[in-house]
Every structure is written in structure tokens, then in C-alpha cells.
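Alright, structures below, take your time with them.
Below, chain A partners chain B and then partners chain C, in two separate complexes.
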Partner chain A sequence: MANSYKEITKELQEIAAEVFAEHEIKHLVGFGRGEFSGLTEPVFLKNPEEAERLIFQDDAAPMLSKYLLKYKPDLQAVVAKPCDSRALAYYISEGKISRDNLVIIGINGCPGIEGNTACQECDTRNPVIADYTVGEEMSQQELEAELEGVKYLLEDMTPAERKEHYSREFSRCTQCYACRDACPVCYCDHCYVESNQPEWLEEGSSADKDMIFHLMRTMHMPGRCVNCGACEMACPEGIEMRSMTTHLYHRAKELYNYRPGISPEQPTLFSDFDKEDSEPGFL
Partner chain B sequence: MATAQKEKQAQQKEFDPKIIAFLCNWCSYAAADLAGSSRLQYPSNIRTIRIPCTGRLNPLLVIKALNKGADGILVSGCHPGDCHYIDGNYYARRRFTMLKDLLEFSGVEPERLNFTWCSAAEGRRFAEIVRKVVERVESVGPWQGFLSEPDVVAEKEAGEIEDGEFL
Partner chain C sequence: MIKKLTAEELKALLGELRQKFLVIAPFRVKQGRLTKVLYQPVKSEDQLSSIYLKEQPDASPKEYFLPRDDRLGEETAGADCQPEEWSDYPRLFLGVRSCDIAGIELFDDVFTENDFVDPFYQQRRDNSLIIGYSCQEPADNSFCQEVGINPLENENVPLMLYDAGEGFYLKVQDQDVLKRFEMLDMIEELPEVESSELEEIVRENRKNFSENEFSLERGLPFPEKEAFTSVDWEEATASCLGCGVCTFYCPTCFCFKFFWEEIEKNRAWDSCMFSLFTAHASGHNPRETQDQRWRQRLLHKFSYHPTNYQGSPGCVGCGRCVSKCPVNLDIRRVLDRVEKTLAGEGVKGNES
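So, the complex of A and B:
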């Protein structure tokens, strides 16, 4: 069974003290109550006395993995939801960050995030890499039972219906790029959206330009997207765009048996091939 | 002949699809040359862009080409195993599969997205491919963009909407 937020919070606080005692870390990145907002926000803890600030709640939506990249030469500890742990495994596989510089406190049997549709179709409920864990592990049978019959977003729509869906959704998009910024695996120093040599995106925001932005971003996502839903959670306009990356997430699984961030040794989808790869729809 | 059919035919005649063909320098581009020098006939709807290898084709360029008004796309490279750079087309194959899947998922007709392999010796095959691609693109008509008109979507949801309401 998924663990309760309360238990996880309690165990996190205990383990945090342990981590501080056992490692010379620069800081511990976890979730805490925002001083002004009252929401659950990322907090950077510097010493064991602060351990009680750690919490885990149903609004712990941000992906903490992304906050580590800025300080990566230092030894850092991080509280990782299972999806976050996959992002970390992906970082390590791409050489973005070294495993030796990470102390990972994984959350077993993740109870999910309120309002995040990705959690309903989540296929990783235990961390893939961790040095410490909190909560009880969720068994494979249990996970399979929960996923039984679950469809991914927009799976059952026809392409024409989806086209309409995106027309409606992207009429609200302002191209603020919050979806990109929240995404744990969108970490390029120079993103194509800001590039003007070549100029991938034309200036201005209109529904069709927004669609181009999303199509292009989605094409950067196969083999990277860990299907965490942070993009959708971050959107100030409440736009549903995760279905695009999610679709490719599932297709890569079907076609290449590939799931991003499952192990730090795994090559990325596009840096690898199999001579027997299928060619669906090729002439 | 029924008038509807006639009209349809007339429309198809008028529709002269613009197809952007990304051809690999080492095979398909040479095949196009061969088709030309062997005086094989094929429709003139393709606009060729020579690329060094299908592995070098950024999938975003395909999105961009459609965005700029291409009615269809053809990407052709060396047969798997015959890449001039040994394995470029193997990498490309995964990318195109994902690209095609994404675009079809979001409403682009599969007929517009054509990927194939064609060696430098296959001039005849190249002409056939172009004929086939043009037929495929013609069968789905002119490209209207990635999105439906927002007005149309709004109207479908709200029922009839007075013109003035959009202003």
C-alpha cells in the first residue's frame, strides 16, 4: 500500500538527522512549508537542527532533482519521490551529475500528488536509486493491480479529437515556459526556444505558435520524460499538454522496451539503436 | 459522373501539393539524380533539400517545414546497414518513428509524413516513391495547420455562435 504523508514526514525528519551525521553535505534539499506562501516548497537545509522543517504532503509537486544541478560539484542530499529518482538516474546516465556527489533519500510507496494526473498512471512507486529510504516498499503485484485497466491521458481519443483538444488548450498558452522550467529533464543551458540562430520559434504567442513550441519540446522528450506531470502542475493556465510527452513515453516503452531513468547505466533512447528496430508506417 | 465526384476531381486537380523532400546526399539524392538522367518521369511536387545523412536531420526541421506550409514531407536515406556513416540511419529511424507517432497522435494525417529508404542505384524506386507520396498527400488535401480553427472548436462546444460574439 502507499504510505501516508504523515509517516513519510516523520521518517524523513529522523533520517535527515542521520544523513547530516554521516555525510559532509553542502545541504539537504527537501520539501518544507513555505515561509510566506504556506505551500509546500523546496527547502535547503544546512544543519541537523533544521530537520524538523522537512515535510511531505500531497502538494509536494516540484521536482527537487532540478535544483541540484546548480550546485553539482558539491555533495548534496536530496529527498526524492520515485519520479525524481528516475530523473536523477537519468542525470547520472547522461553524465550531468555524479552519483558520488549525491545522497538520495528515496520515498517508497509514494502516495502521489493531489491534482497531478500523472500520479494515477505512475508506473514507478519506489525509487530506482536511493541511499536511504522512508516508508514501506510497494510490491510489484500491488502496483500492477493499481495500474490494471488504467489508460494514459487522451489515449482513447481520435487524432481529430486531440487536434481540437490542443486547439482549445493552447489558445490559453502564453508561452511563459513554466512547463519547461518545471520539467526535471529540461535542463539545457541554451534551450531552443531562446535560440535565434537558428530561430526555431517565431516571436509572439498565438495558439498555432504555441502548438509549435509544444511539438518541438515534445520532440526533445522521448527517452527523457519520466512522466512525472510537473509540466502540467506548473502551468498557470491549467493547460493539459502532458498527453504529448506521455504518449511518446508509452510508445517508447512499447516499441523499444525503453523507460527513461530506470537505471544510471542505461544509454539514452536516441543515443542507442537496435538493428532490428521496427519501422511502423515507413514506406 | 456524379457532380460531387466531378467537383472532387476538379478540386484535386487544382491542388498542387508542395512536398519537402529531405534526401540523403549519399543515396536518395543520387537516386533522384539517376532518375533524372535516366529520364524517368515523376511529379514535380517535391522540393528537395540535400542533407548529409538522415541522422543529421533535426526532427524539428520537419515540424518547421509543416509550419511553413508544406503539404507533406518525404525523408529518404540509405537502407539500414548501408549508411555512409555506418549507423546514422539507425539513429534516425528511432527519431522518425517517434516524430511520426507524435504528429499523428496530435492530428496530422499519416499520409503527409513519409519516411523511406532508397539507395543511389534505385532511380526507378525513387520515381515510384515520389509518385506514391504525391498520391498520398493528394488524398488528404491541402494542409490546414497543426490546429483546428479556435472559432470552430468554440462553436462546436457552445453550439451556434453569433459572429459578433467573437469580437
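So, the complex of A and C:
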């Protein structure tokens, strides 16, 4: 069963104190309550006295894994939702960060994030890697029962219908790049949209250019997107951002039984091909 | 002059004004998983009933004055090129709150300043009549009063609308503007009431604006050098992801970039939160890290702008940057950190 936010919060605070006692960490990245806003925000705890600031709530949407890349190679502790743990496993499998530099506090039986449609089709409710865990594990049986009959976003649409849906949704884009910046696997030091020599994405924000941005971002996603929904949660225009990436996620799963970040040892999708692999194209 | 009108009378007035103006008003709009309040042009009489004034709109009317994509004419047309493509049809903005009015005033300061008049901005501004709206309660995460803005009353618009539960009050503050737009007669026809009625409503509503937990102690501008060097910006803004949401939703952020589409010159929104904003052609970037970009955004609003514009803040305290931020990074927390650091360093505060 999914654990309660309250129970997870309580256990997190206890374990945080332990983590500080047992490891020489730079900081513990977790969620806390905004001093003036009361909203859940990422916090960087420096000492055990701050442990009681840790919380976990249904609006803890940001992916904390992203911050670890900013402060590597220092030893850092992190509170990891199961999707976050997959992003971390993916980083390790790509050699982006060393496992030795991470202390992972995983959340078992994650109760999900309010408004995040990715949580409804989530196939990872326990962390894939962790040094400490909070909450009861959710059994595979229970997970399968919850996913029974669940369709992913736009699953039943034809490519033509999907294209129409994309054009409508992405026309609201303002190119603020919140989706890219919230995405745990959008970690390039130099994103193509910031390149002006050559200029991959022309200046300006017409519907066509907005679409080019999203298509190019999506092209970088197969075999990497962990289907966490952070892009969609970050979008201030309410664009159904996952409608493209979740399709790639599920196609890779169906065709190659591949799910990104399921273990740190797993080869990446494109480095593990076989000449017998089916090649039906992604759309 | 204070007029009282029922919801039906207000609708009738707007219907009449639609003959003269393109009326732009806040509506509730569904966008994916979000329901937002956005300024949109009223396209038909029926839409007047759906105008939604109860909540702070998700975005200020900024894009109507500084469009996201602004075509500035063809290069070959020479320096005298006029913004001829647009219509000069007058526009009426209904229900603009004090914070957003202050945002437009800030644009006036910047874009119609002495010898540096932006004709594109000015034409849009001159064509616009604003009917202000008195807030009944504070918007989420707002702190307008801390930057000297009165959410209940605003003298700087020709008309101010007050929701009285049962009907509305309309306060006429500048008859000359109404004359210029040939609408004074229309307003004068409405029944007039004593100002005490309205004062009572404002007094009642003021009670909803209790002391804010957050307060700005220091007068503006912040001392530039001390704030620049003594604050631990990295620590205060560590969770920033580097997107442009805060600046795009900010009613005062106006930074733009130029680009050409063939021979047509364009200007589009830009953001100091993007790394490309300051990237030099050489490859050098004077603001290499995100905390330096945050420092720029905050000090532009609380140090550089007030320094250049008689102490007037570059932030109107609407709270949108906090509510919209994907990681809920709160500018109040960062301001608090700056103030505490400056206090600790013993920098003398300016008189506010």
C-alpha cells in the first residue's frame, strides 16, 4: 500500500539525523516548507539540527536528482522519490555521477504527487537504489493490480489525432524552458536552444518554432525519460508535456522491454542494440 | 465623482463601450490541467457575462503592451519606419489591479523616458484606457504593500472599479482622459452616490489585508556594491532551475531581444535568467552561474531600478513569480536574506 505523507515525513526526519551522523555530507537535499509561502520547496540541509525541516507532501513535485549534478563530486545525501531514484540510477549508468558520492534516502510505496498524471501510470513505486528507505515497500502484486487497465496518455490515439493534439497543446508554449530545466535527464551543459553557432532553434516564438523546440527535446528522450512528469508539473501554461514522451517510454518498454534507470548497471537503450531488434519506428 | 451600478448596469455600460473600444477583460480559461484567469479580448456581447474579476489574473496585461513577438517593421524602410501595421483602435482594459497598474507605470518610465521614446510602446499605451479594480483580499504570495502599493485604491487610472458584493462602484478620477476617449457622457449618466458609501467598503476590505509575515525593512535602493558582494547568493538561490517563468510572468520584467526574419526586425521577450542572455560572441559569459543571474534580477528590481527612477521599486509585489516557480523559490526569502546580510554588515539603510 502507498504510505501516508505524514508517516514518510516523520521517518524522513528521523533518518536524516542518522545520515548526518554516519556520513560526512556536503548537504542533504530534500523538501521543506517555504518560510513565507508555506509551499513545498527544495531545501539543502547542512546540519542534523535542521532535520525537522524535512517534509514530504503531495506538492513535492520537483525532481531533486537534478541538483546533485550541480554539486558533484561532493558527497551528497538526497531524498529520492522512486522516479528520482531511477533518474539517479540512469546518471550512474551513464557515468554522470558516481554511486560513491551519493547517500540515497528512498521513499517506499510513494503516494504520488497531486495533479501529476505520470503518477497514475507509474510502474516504479519503490526506489530502485537506496542506502536508507522510509515507509513500507509496495508489493509487485499490488502495483500490478493498480496498473491493471490503466492506459497511458493518448495511448489509443492514431498518429494523426496525436499530431493534432500536439499542435494544439504546444501552441501555448512561451519558450520559458521550465520543462527542460525541471527534467532530470535534460542535463546537458550546453542545451541546443542555447546554441547560436549554429543556431539550431531560430529566435522567435511562433507556433512552428515552439513545436521545433519540443520535437527536438523529445528526440533526446527515448531511452532516457523516466516518465516522472516533472516537465508537465513545471509548465506554467498547463501543456500536456508528457503526451509526447510517455509514448516513447511505453514504446521502448513494449518493443525492447527497456525502462530507463531501472538499475545502475543497465546499458542505455542505444548502446544495447541487437541486429534482431524490431525497427518499427517510434510513432 | 462616484457612481453606483448593478452588475447588469455594468454589463450594459461595457456593451456600450464595446462600440468604441476593444474591451480586454479577465476570463477563466482552461489550459490542460490548469484553470487560469487571463486577459482576453471580448469578442461578443455574450462573453460579457463571463468576465471574472474575483481573483488576481494569472498574468498581467503586459503582453498587450509589450507583445511576446513584436514585429518592428522592415529594415529597408529606414529609420523613420512607423508602426503602421497595427490598428489604432482604442483598447479598454477592465479590472486591472494596483500591482499591474504599477507595472504599466514602470513601463511608462522606461519606454517613454525623455529622449528615449519607444514609439511602438507609446502607440499601444496611448490607445489604452485602464479601468482599475480594487482588491478585496490579498492574492497568494503577494506583498504589494511592502513595496508601497495600495491594493485597494489607485489614483493613477481614470476609472476605478470596486466590487460591493451587491453591485459595483465606479470612481471617476480623471475626466480629461474620459473626454479624450469620448466616454464621459456615458459615465455621467450613471447615478451618483456619496463617497462615504464607498469609503465604508474600502475600510471593510482593508481588514482582509492584515500585517504580512514578510516585511521590507530597508528603504530602496539597496546599496548596490554591498548587496552585490556580501550576500551569499548561491546559498539563497540554490534551488533555482534557470527557467524563465518568473520573468515572463513578472508584470515589470521588460527585457527583450532583437532578431531578424529576413529583412523584418523583430523583438521578443528575453530573460536575465537564461544563460544566453549575457553570453558574448567570444564565448565569455559575465554571468556564468545561475546565482549571478538571480542577483541581477533581484538587484535590478531593488537597487538599479530605484536608483535610476527616484526610488521607485522595480517589483510590484504581485507574488506571481513565487506562485508560478516550478520549485516555489520565494523572492521574499531571498530579500529577507539580503536584508539580514546587509543589516549584519552594518550598511546604513536609506530613508524610505
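Going forward, the second predicted complex is superposed on the first by the 280 of 283 C-alpha atoms of A that agree within 3 Å, B and C clash if a C-alpha of one lies under 4 Å from a C-alpha of the other, contacts with A are read in each partner's own complex, and residues count from 1 in each chain.
Assume contacts are C-beta pairs under 8 Å (C-beta built on N, C-alpha and C of every residue); 3 or more make two chains touch, one makes a residue touch a chain.
Everything numeric here is computed off the predicted structure, so don't read it as measured data.
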item: Partner chain(s) touched by A:131 [first = chain B, second = chain C, both, neither]; value: neither
item: Touching partner for A:182 - first (chain B), second (chain C), both, neither; value: second
item: Contacts of A:172 with chain B and chain C, given as first, second, both or neither; value: second
item: Touching partner for A:146 - first (chain B), second (chain C), both, neither; value: neither
item: Partner chain in contact with A:52 - chain B first, chain C second, else both or neither; value: neither
item: Contacts of A:94 with chain B and chain C, given as first, second, both or neither; value: neither
item: Touching partner for A:163 - first (chain B), second (chain C), both, neither; value: first
item: Partner chain(s) touched by A:244 [first = chain B, second = chain C, both, neither]; value: first
item: Intersection of the chain A residues that touch chain B with those that touch chain C; value: none
item: Touching residues on chain C, where the partner in the complex is chain A; value: 31-34, 36, 68-69, 141, 213-214, 235, 238-239, 241-245, 248-249, 257, 259, 261, 266, 268-269, 271, 274-276, 279, 322, 324, 326-330, 332-333, 336
item: Touching residues on chain B, where the partner in the complex is chain A; value: 59-60, 63-64, 67, 80-81, 87, 90-91, 93-108, 110, 113-117, 129, 132-133, 145-150, 153-154, 156-157
item: Chain A residues within the chain B interface of the complex; value: 159-160, 162-164, 166-168, 170-171, 192, 200, 207-208, 211-212, 215-216, 218-219, 222, 244, 247-248, 251-252, 255-256, 269-271, 273-275, 277-283
item: Contact set on chain A toward chain C in their complex; value: 34-37, 39-44, 61-62, 66-67, 115, 117, 169, 172, 174-178, 180-182, 194, 196, 202-206, 232-240
